[in-house]
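Chain lettering (A, B, C and D) follows the sequence in which the chains are written, and residue indices restart at 1 in each chain.
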Amino acid sequence: MNLIEYHAKRLFGQHGIPVPAGELAYTPEEARTIAERLGGGTVVVKAQVLTGGRGKAGGVKLAHNPDEAEARARDILGLDIKGFTVHKVLVDPGVVIQDEIYLAILLDRAARRPMIMASAAGGMDIEAVAEETPEKIIKVHINPQIGVRTFHSTYIASRMALPQELWGQFHNVVTNLYDCFISNDASLTEINPLIIDGDGNLMAVDGKMTIDDNGLARHPELAELREADAETASEREARKHGINFIQLDGNIGCMVNGAGLAMTSMDVIKLFGGSPANFLDIGGGAKAEQVTAALRLILSDKNVEAVLINIFGGITRGDEVARGIIAALDQVDTKVPFVVRLAGTNATEGRAILADQNMTTAVTLSEAAQKAIAAAKGRGV
Amino acid sequence: MSILADKNTRVVVQGITGREGSFHTRQMMAYGTSIVAGTNPRKGGQKFDDQVPIFATVREAVEQTGANAAVAFVPPRFAPDAILESADAGIALVVCLTEYIPVLEMVKVRAYLDSTNTRLIGPNCPGLITPEQAKLGIIPGNVVMPGSVGIVSKSGTLTYEVIGALTHKGVGQSTCVGIGGDPIQGTDFIDCLRLFQADDETEQIVLMGEIGGNAEELAAAYIKEHVTKPVYAFIAGRTAPPGRRMGHAGAIVEGNVGTAESKMEALTAAGVVVVDHPDQFADVIS
Amino acid sequence: MNLIEYHAKRLFGQHGIPVPAGELAYTPEEARTIAERLGGGTVVVKAQVLTGGRGKAGGVKLAHNPDEAEARARDILGLDIKGFTVHKVLVDPGVVIQDEIYLAILLDRAARRPMIMASAAGGMDIEAVAEETPEKIIKVHINPQIGVRTFHSTYIASRMALPQELWGQFHNVVTNLYDCFISNDASLTEINPLIIDGDGNLMAVDGKMTIDDNGLARHPELAELREADAETASEREARKHGINFIQLDGNIGCMVNGAGLAMTSMDVIKLFGGSPANFLDIGGGAKAEQVTAALRLILSDKNVEAVLINIFGGITRGDEVARGIIAALDQVDTKVPFVVRLAGTNATEGRAILADQNMTTAVTLSEAAQKAIAAAKGRGV
Amino acid sequence: MSILADKNTRVVVQGITGREGSFHTRQMMAYGTSIVAGTNPRKGGQKFDDQVPIFATVREAVEQTGANAAVAFVPPRFAPDAILESADAGIALVVCLTEYIPVLEMVKVRAYLDSTNTRLIGPNCPGLITPEQAKLGIIPGNVVMPGSVGIVSKSGTLTYEVIGALTHKGVGQSTCVGIGGDPIQGTDFIDCLRLFQADDETEQIVLMGEIGGNAEELAAAYIKEHVTKPVYAFIAGRTAPPGRRMGHAGAIVEGNVGTAESKMEALTAAGVVVVDHPDQFADVIS
C-alpha cells in the first residue's frame, strides 16, 4: 500500500527526520489558512496523488503569500494527473536548497535484505542518473541482525563526498529512516530530495513510502491511510473478502485459486485466442463466502460473456468452492455460461455438488480454456 | 533417494490441533508420511487422533520422538516464532505453509537461519512431496507418481497443475517442491537446482517461475554454470498487465528484470526449454 | 564483580520481576524501623555478605515482630561468615512458600551463549540435585540474535511440570531476568528460590548476580555497588591501576605482563622449589606509572625476599617497563634483590636503561626463576 | 602454505592512526607484511607514513585495494563495531587485539559472525604470525623462525615465551596463533587444530592452554578423534590458587573441568605430550 507524500513525511517526522512543517488542505481556503499559519511567506503547494510526474503535470507550484497559496491550490485541486484526480494539496513552507541528495531504503529481494540506496545527485532525474552513471548510486545492504551502524552511513557519506560536518546528521537521518522502514513494515521509504538547507542542515523535502500489505494487520493506524482512489470499487470489494482482483478488458471472467495458476489460466486463454476479463485469485483455503463474493464481482462486469472456474484444491477444498458457487447463483441472476474445472482436494465432492447445475466441465486447463472461449463466442454471436 | 524428504523423514506438525493442521495431518498420514509428533503449547501429553503424541514444544518432540522435520500450520502472527522454534530445536527441515507473514519478519528469520543448519521451505508454499514416500505439506497426493522428474515451483496450485499434467501422461516425479512465492523464501530455485543436480533419482528438472523479482534470471545463470541435467521451464504471467510501481527505487534496482520476457530469454539462453503452456511439459520431456 | 542479594533483587525488581519489598539495615535499630514500615508482621533478617552458606552460619533468621527483628539483626550484624564480617542485613517481609523453583541465566562459554538453567527442585540443595539427578536441571541456550521466546519458557515450564496457569507469569520472569542479564552486562543472574507464594504467584525470594568486569565501564551505577570487603586493600589499589593482583603467601614477588605468562612464572618458580608471593599481571601496554604502582605493591609485602620481573614485550614495551622500575626505586627504599628478564618489543632499550642498576639479569624464564630463588635464599640465610 | 595468512594476505589496519595502531603497523610493515590500507573515519584520502592509503571505512579499502584481512587496533567501546564492519565488507580474516570488550558484546558479535564467512581471531589476543611471510598483530617478529611447528595459544606473552624458547633451540614455526583468553573467542583451539592438521607445512602442533573454561578438554576430545600429527601442550596456572565462585550455576555447569589437572589429564589421555615447563618443548619436539 502506497502512502501519499504527506503521510510519508509525517511518519519520517515521527521517527526524528527533519521535515517541513506543512499541512494538508482540501480547499483553496484551507490552503490560504495554512500559508498564513506558516508565517505568510513563501510556500509550496503540492498535489497529493499516488503517482509520479506531478511537477510536469502542473501539480507543484510556488506561492509567495497566502493569496497566491489559495490561487495555486485552486489551480491544482481537481487536476487530473495520470488518471488520478487531485483531492488535496500539501502546503509546505518554502526552503532554501543548497544541495539535493537521494536517499531510499527498500527491500532487495535478491539479497534478502533491506538496502540503502543513496546518491549525491538527488532530485528529479535520479532514474537517469542510475541509468547513465550507475556508479553515482551507492548501495548498502543492511543485515537486520545488526541494523544500521555508523560504518554504513560513513561509507555512504564518504562515497558521496558529503561535508564531514554533516556526517552526524546524515547518520541520524539514515538510522531514523531505517527505524521508520522497519517499524512500519515498509517495503520502501524514499526521500528525494534530502536537501541541505540554507542553514546547512539536512531536511526531507519530498517522501514516498510503501507498506507491505501483510504488515498492515499489525498497523491498523496505517491501514486507515489507504487512499480512496488507489483502487477501484471492485478492487476494494475484493480486498475486503481477501480476494486478489485486477480488472482487465476481456470477456472471459476467471475465478482461480492461487496467483500462479490464475496468471497461467489467463496465459492459456490468450494462447488459445481468448481474452480474460480479470485476474482473480480467491487465495488459499477460501471458504464458500469468498467464492460467492468472487463470482458476484466477476458477474458485475458487463463485458463478461463466459466464466472460467479453475480450482486445483490443496488447502482450498473443492466442496467449499462448489457451495460458494451455488450460493452466488442464488444471489445473482445470470445467463452467462460457466466452465468449471475442479481438481485436487475434495474435487470429487465438489463436482457432485455441482452435478445438477448444467455447467460445462473440463478435466485439463487447456480444455477448460478452450471451452470457455467457445462459450463466450457462442454467446457473443 | 530423491531430495529433502523420504520415507525415513520423521515429521512433527506444529499446530497439529488447528483446523488446517488436523485436516492436512490426516492427509499426510494417509499418504504414508511418518508423522511422529505434533505440538500445541497447551496440549502437551495428549494424543492426536489417539495415535500421534502432542508436545508443548518442538524441542520436547525432538527429544522424545527423534523428529527431524517440521511442518508448520500456524497463523501469520505466530509463524516466524514457529520457524525459529524448530530451528532452535535442531530440526533440519522446516516447511512453513503460512501465507501473509509480514516480509520484514521473514527477512529477520531468514538472516537468523543463515547462522543455523536448518533449511526452511516456504513460507506461503504448498510444501513438498516425494511420491510414495513422504508428503510434507498440502500437495495433493493423488496427482503425483514416482519417477525421475524433479519439480521446483514458486507457485502453489500451478505446481499441482503441472504435476497433474505430467502424471496424466505417465511422467513420474522424484520430488516436487513448492518454494513459495513470497519475496523472502527459505529455499530458492538455486538451492533446489543444486539438490536435484546432485540427486541420483532425478534425471530431468522442471522449473515453474512467475513474473516479478529476479529469481528466474539468477536460476538461469546458475543452470548455465552448474546444471548438466535437462531443465524445462514455464513462466506464469506472460499476459499479466504491468504492475504499478511506486517511487524510483524499484525501477533503479530491478531495471527490466522481472518481466516474463526477461525470464524466458535468460532461461532459453541457459539452454532451458521454455514451454508456452504447462500441458506441454509431458510432450517435451518424454 | 559480585552483587549482594539486596542489590541483585533490586535490579530484578527494576526489570519487572516480583521481589519482596525489603530494605537494608546497618544497625539493629534500622532493622526494627524497617520491620515496622513493612507492617509489623513477620520478617526475615538476612546477612548481606558475598559468600554462600549464610543459613548454616546463622546469618538468616525469622522475626515475628519489630522487637524480634531488632534482636535478630543484633545477632547477625558483626557475625563472621567464612571470613566475611556482616556489616548489613536485609529485612524482607515474610512470605508463604508453596513451592520453590531454581532459575538462573549465565554465560556458557563452551556454547558461546547465555544459558537458562532451571529446576522444579529449587532451594538450598540445588547443587546436590544437579549432582544426583541431573535430568532435573533443565538447560536452554539463548541465541542473542533472537533472545528469549515463548517456546523457550514453555519448554522449561512444560519440563518442570509447572501448572499451566503460571506459564504466563513464568515467561515474564524468564524474559525479565534475561533483560536484566543482558542490560547489566551480567555473567550470572540467579534466583533461588523463585517461589510460588501463598496467592499462587511467582516471586524471587533470593538472588545473586555477577557483573562482567569489562562491562562496568558502561555501568558506572553498578561499579559503585562493589562491596568494600570483596577485595583486600592491595587488590583495590591494584585494580585502580589496571593491574591484576592476587596476594599469596610465598617469598618471591612477581611482576609479569600477561596473565598466562604470570601464571607460568609462578608455575616455574614452584617447579624449581620456590614459592611465589603473589600473582601480578601488569596487563597489556602497561605504562611506567603502572609498573611503579605494581612494584610498590610487591615491595609493601614484608614476606618478599626477592623480586622476579618477567616481561616479554609485545604491546608492552621494555623501555616503558624499565622507566617504571627506576621510578619505583626512587620512591621506595628497598634492599630486596631484583632479577630482571626483559625480552620482546624494545627489550634492548629497556635493558640499557637498567644497565647501571646493579640488578641480576636473565635470558630465559628458567634462569630467571632459579636466580630469583637463589637470591631469596641468599637473603633469607 | 602455513595457515590463515601468508605473503599474499592483503591487510587493512583499522585504527591505523592511533597510538598502538601506528606503532604496530610500522612493526608489521617492517616485518614485510603487505599492509595495503588503513582506516580512520575522519581521515579518508590521507596517507599513513606517506605510503599507506587511509580510507573512511573498511568497505572502501576493500573496494579500492583488494584488502582481504583486517587487524583492528580499536578501543573496547568501538571494537565490536570494527569487527562487524570488516565482516560486513566481506573481509575473510579479522584479527582483533582489543582487551576489555564486554563479554556479552562478543556473544552478539560471535553469533552474528556465524551467519557470515568471516573468521575472527581474538579479541584480547596478540594475533598471528607466519614467519618471514606475514605478521597480523603484535607477536614480536624477532622471536620467530620458519619451520614446521604450528603454535596455538590462549595467552599473549606466554606465546612469545614459547616461540622464543623454540627458536632459541632452532625449532622453527609454520604459523603461530594467539587466539586470546577471553571467554568468547572468534577462533578456538579446535578451529586451529583443524587448520594445522590440514596444513602441509605443519608437522607438529604446540597447544598452550590455561586454567578456566573447558576449551582444553574439548580440544583433547577433538585431537583424539581428528588429529594425527603429534601434539605437545602446556597448561598455565598449575599452582594458581582456586578462584572464588559465585552462586551455584558455575559449579553446576563446569563441575570439575577448568582445573589444570583436568586439562592435563584429558590431553594426556588424548595422546598429547604435556610438558611441565615451556622451555621443555624444544627438547621433546626435536
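Basically, a contact is a pair of C-beta atoms (placed from the backbone, for glycine too) under 8 Å apart; a residue touches a chain by one contact, two chains touch by 3 or more.
Bear in mind that the values here come from a model prediction, so they are computed numbers and not experimental data.
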item	value
Touching both chain B and chain D (chains)	A, C
Most distant chain from chain C, judged by the mean position of its C-alpha atoms	A
Chain centre separation in whole Å, for chain C relative to chain B (CA means)	52
Averaged-CA centre spacing for the pair chain C and chain A, given as whole angstrom	58
Cα-centroid distance, chain C relative to chain D, in whole angstrom	27
Shared-contact residues (touching 2 or more other chains) in chain C	143, 145
Junction residues of chain D, two or more chains touched	111-112, 115
Arrangement of touching chains [line / ring / star / complete / other]	other
Chain-to-chain touches, reported pairwise for every pair that qualifies	A-B, A-D, B-C, B-D, C-D
Residues on chain D engaged by chain A in the complex (per definition of touch)	41-42, 44, 55-60, 81, 84-85, 88, 112, 115
Residues of chain C defined as touching chain B within the complex	143, 145-146, 149-152, 154-155, 157-159, 164, 167
Of all residues in chain C, those that touch chain D in their complex	2, 50, 102, 104, 106-110, 112-115, 117, 126-127, 130, 137, 143-145, 182, 185-188, 190, 192, 208, 210, 212, 214-215, 217-218, 246, 248, 256-261, 263-264, 266-271, 276, 279, 283-285, 311-316, 343-345, 364-366
Residue ranges of chain D in contact with chain C within the complex	20, 24, 27, 76-77, 97, 99-104, 107-108, 110-112, 126, 138-140, 143, 153-161, 164-165, 168, 181, 183-184, 208, 210-211, 213-215, 218, 234, 236-241, 246-253, 276-279
Chain D - residues contacting chain B, complex	111-112, 114-115
